[in-house]
Amino acid sequence: MKRFIGFIKKEFYHIFRDRRSLFILFGMPIAQVLLFGFAITNEINNVDIAILDHSKDATTKEIINKIAASKYFSIKQFIDNEATIETAFKKGQIKAVLNFEKDFSKKLVIGKKATIQILTDATDPNTANTISNYSSSILKNYQQGINKNIELSYQIVPKTRLAYNPELKSVFMFVPGVMTVILMLVSAMMTSISITREKELGTMEILLVSPLKPFLVIIGKVVPYIFLSVINAVVIIVLSIFVFQMPVQGSMFLLGAESILFIINALSLGILISTIAATQQTAMMVSLMGLMLPVILLSGFIFPISSMPVVLQVISNIIPAKWFIIILKGIMLKGVGLAYLWKETLILLVMTSFFIGLSVKKYKIRLE
Amino acid sequence: MKKENAIQVENLTKMFGDFTAVNSISFEVGKGEVFGFLGANGAGKTTAMKMLIGILKPTSGSAQVAGFDIKSNVEDVKKSIGYMSQRFSLYNDLTIKENITFFGGIYGLKKSVIKEKTQILINELGLHNEANKLVGALPLGWKQKVAFSVSLLHNPQIIFLDEPTGGVDPITRRQFWEMIYREAHKGKTIFVTTHYMDEAEYCDRVSIMVEGRIEALNTPKNLKSHYKVDSMNQVFLKLARNIE
Amino acid sequence: MNIIRYIVQKEFRQIFRNKAMLPIIFVLPLVQLIILSNAATFEVKNIKFGYIDNDKTSFSRELIEKFDASTYFNVLTDFPSAKIASSAMLKGKVDVVLEIPKYFERNLVKDKKTDLSLTINAIDGATAGVENVYINQIVQQYNKKAQVELMMGGNPEFRPQSIETIPLFWYNETLNYKTFMVPGILVLLVTMITLFLSGMNVVREKEIGTLEQINVTPIKKHHFIIGKLFPFLILGIVLLTVGLIIAKLLFSIPIVGSIGLMYGYTVVYILVILGIGLFISNYTDTQQQAMFIAWFFMVIFILMSGLFTPIESMPEWAQVLTEFNPIKYFVQVMRMVMLKGAGLSDIYPQFLKTLAYALIMNGLAVMSYKKLT
């Protein structure tokens, strides 16, 4: 036992002496959380648009004022003809053009119908779609306003309640994701590098020859990183709660326990990687290139899984990050407990045992 | 009258923070000499050598190698010297031929010259079967020999060897020194550090560094008679004990 | 000049001899391009929908049918009570719950007014917003239909004025997300590979000791650096080429603009990334450190590049920071040239900035490389 403690101590020394890596280890999550909280958002604001007004009458002026007043849009240009649209789009100066037809007022009052074209640069379909939707809403509002005098009968009024996140804060969606991605990448990468470095330097053989059981060698390598990752997790949670008012509706204790489970899961994945990688370089590249994009894209972190093709939805099931994000959102935003999350927890447990079991097997094979 | 020296060192000093690794050493090495630069681990040998080959900046003092000043003309120094580092520094993932091509090319050798030299090297070392094998697959002794030969490709006048025989078996060590002598006979100056005291016997002159200073500088014969001992090993022990 | 050739030759030999790394460099990114491009979409589809019908009339059933008919929603179940529905949402079984009040039909016909109750899982704010829009669209459509039915024979004088909006989507009529994401993901992959490889390259030689041997030779700094960078430039271009072919063949991404312009810009861009990687490599002692630092900057650059979230939505200070983000320019240029057919005159601000960046970073890399420590 004493040997084991001594071994763990050595691992801690390694880590704390490498100032640069330590800085990144702790600095990275903080930087990311801050970025996501303050800078990254899915919401559309201040989109640069242009107005092409063929009528220039009182009605169009009123509508344009309404658009200008909206926080979604920022009117950058007033253009005169269709030809300039193409150039403006190509140069990326504006994202949309509102095109009012001629004789707008007249057509509206007499013919009861007037048209506005909403031309969007759909190379970014998300923004284009949202711009279309927002501008339509603003116009519908205006339309309702002018029709106030006419008794609008037969109104169905939907009353919407936004559950778990009434202010539609995007940070609520991102924080669980950021935490998951960071814990996963840092843990997996760190352990895989740590173990392969010993292999490369040749010191691994010394360890294996020592009376310390191989199983304990692996555990010893992993323990310091459990501590580090837990600290990371705590920092992220604290930041989210105090800087972004992220709620933790459910049990803190459960949150902690599940986080530790996920950390162990990520670490064991790192160990698995280290059994197949011969050099540090390979381990690092596999951890980063092999894990980063899949974790970010397939875990439901940014893109909703339900919108993906079925094949990918199935694949996403083997990504531990996906389950952990569900757990995090459940505990923090929905306030549910183990009763609702037992399935996801069980899946993580099974995955972890699988990674560890496979690593031990591969490790033993190498020894023989 | 001073004949032109291959290496001229004056009060060369290197400090790392408060720690003085090389403490104002001065010496000369004549052309064609086999000069042994001895000392225990940590005495400052490697640091001194790194300054002479132009990859470490001295804190103070000066030195001329092959007639060029190591501070102002360091690139000219590099054209005239060959180096074999303590750590094996050929590419393990390239073959012998590929390593030769690479280093020959970097020194600006023409393709035909490289080809010729490759043939000579392989013949001399008897590595016909290994020529296209990865260097990493060779046993240590062969690797060292190849590294030595590579350092000679551009026909340098001075060759710096940093513990070239570390970890190598006695027979290979002797073969290695035979190679060194061959180059010395051609008129090349050899500057070699080692902490194998028996190898010191092979040198024309020897200096012994202790804690950053040169505590002895003479031929092995003179040193042995001065300290009244039979071997360089004993000379060294005496020196170390004196300083304690 | 010849000297550079020898360095390049050595680097290529080492790259291709490294059997473990080859699939990671070539196969992995392309596999990811193919698979992950399908994942990246903000389209909201298959929304898990449940309802509580307290009215159970033909009107209410018709409303529900409208949701069922929509491709956006998956009508999963009808809940007997609000409590059960709420529990289901907690479990994640549904994301939208519609509750139709009792007397829905009666209130509409008699009082000419009624309301509906909707609960949306708003954890993902952006998706919730979009869901809300779709819901409103469907309700309004239904509303219109009901109005027409109920108002049959009404006075045309009192017909409401309607402003019709016609959405037109340029460059991407079908709002295909892949058109947007594939060039972006390709950018990411090329960037990651070139940054990591160049970042680790010099450090690795430091770690194993061969760098010392190189520093003893009279080789000039800039020859060395050019020789080291050139292979990775080629690698990046090759990856880009294969990626573009896949984009065209597999995803039918339009390539409207000049391919020559795209390549020209890409070369300059990759030089920036290589310069950054090399710069990092000069200041770190171990491969691990180099990797970490490279990773740190890369994640931040990627997130702030406008690839996943729009730059215009960021606060002022963040937008200023993105001026220093080379990835942002690459994403912009790729989209502008590939999808909109922009020409050199359209992208020259980005081009100039990237060029300046390349000169600065590589200059720094050469300066910070010390043959003499």
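When the chains are written out, they are named A, B and C in that same order, and each has its own residue count from 1.
Convention: a residue touches a chain if its C-beta (ideal position, glycine included) is under 8 Å from a C-beta of that chain, and two chains touch if they have at least 3 such contacts.
If you're wondering where the values come from, they're calculated on a predicted model, not measured in any experiment.
Counting C-beta pairs in contact across A-C and across B-C gives the higher total for A-C. Chain centres here are C-alpha means, and the one lying farthest from chain A is B.
With centres set at the average Cα position, the gap from chain B to chain C is 56 Å. Chain A and chain C have centres, each the mean of its CA atoms, that are 12 Å apart. Residues 53-57, 74-76, 78-79, 81, 83, 85, 87-94, 98, 101-103, 105-108, 134 of chain B are the ones touching chain C in the complex. Residues 18, 20-21, 24-25, 27-28, 31-32, 35-36, 38-48, 87, 89-92, 95, 108-109, 112-130, 132-133, 135-137, 139-140, 142-143, 146-147, 150-166, 168-170, 172-173, 185, 189, 193, 197, 277-282, 284-286, 288-290, 292-294, 297-298, 302-304, 306-309, 311-312, 315-316, 326, 329-330, 333-334, 336, 340 of chain A touch chain C in their complex.
Partner chain A is touched in their complex by these residues of chain C: 20-21, 24-25, 28-29, 32, 35-36, 38-48, 89-92, 108, 112-130, 132-133, 135-136, 139-140, 142-143, 146-147, 150-151, 158-173, 175-177, 179-180, 185, 188-189, 192-193, 196, 200, 204, 284, 286-289, 291-293, 295-296, 299-300, 303-304, 308-310, 312-315, 318, 332, 335-336, 339-343, 346. Residue ranges of chain C in contact with chain B, taken from their complex: 2-3, 5-7, 9-10, 13-14, 17-18, 208-210, 212-219, 371-373.
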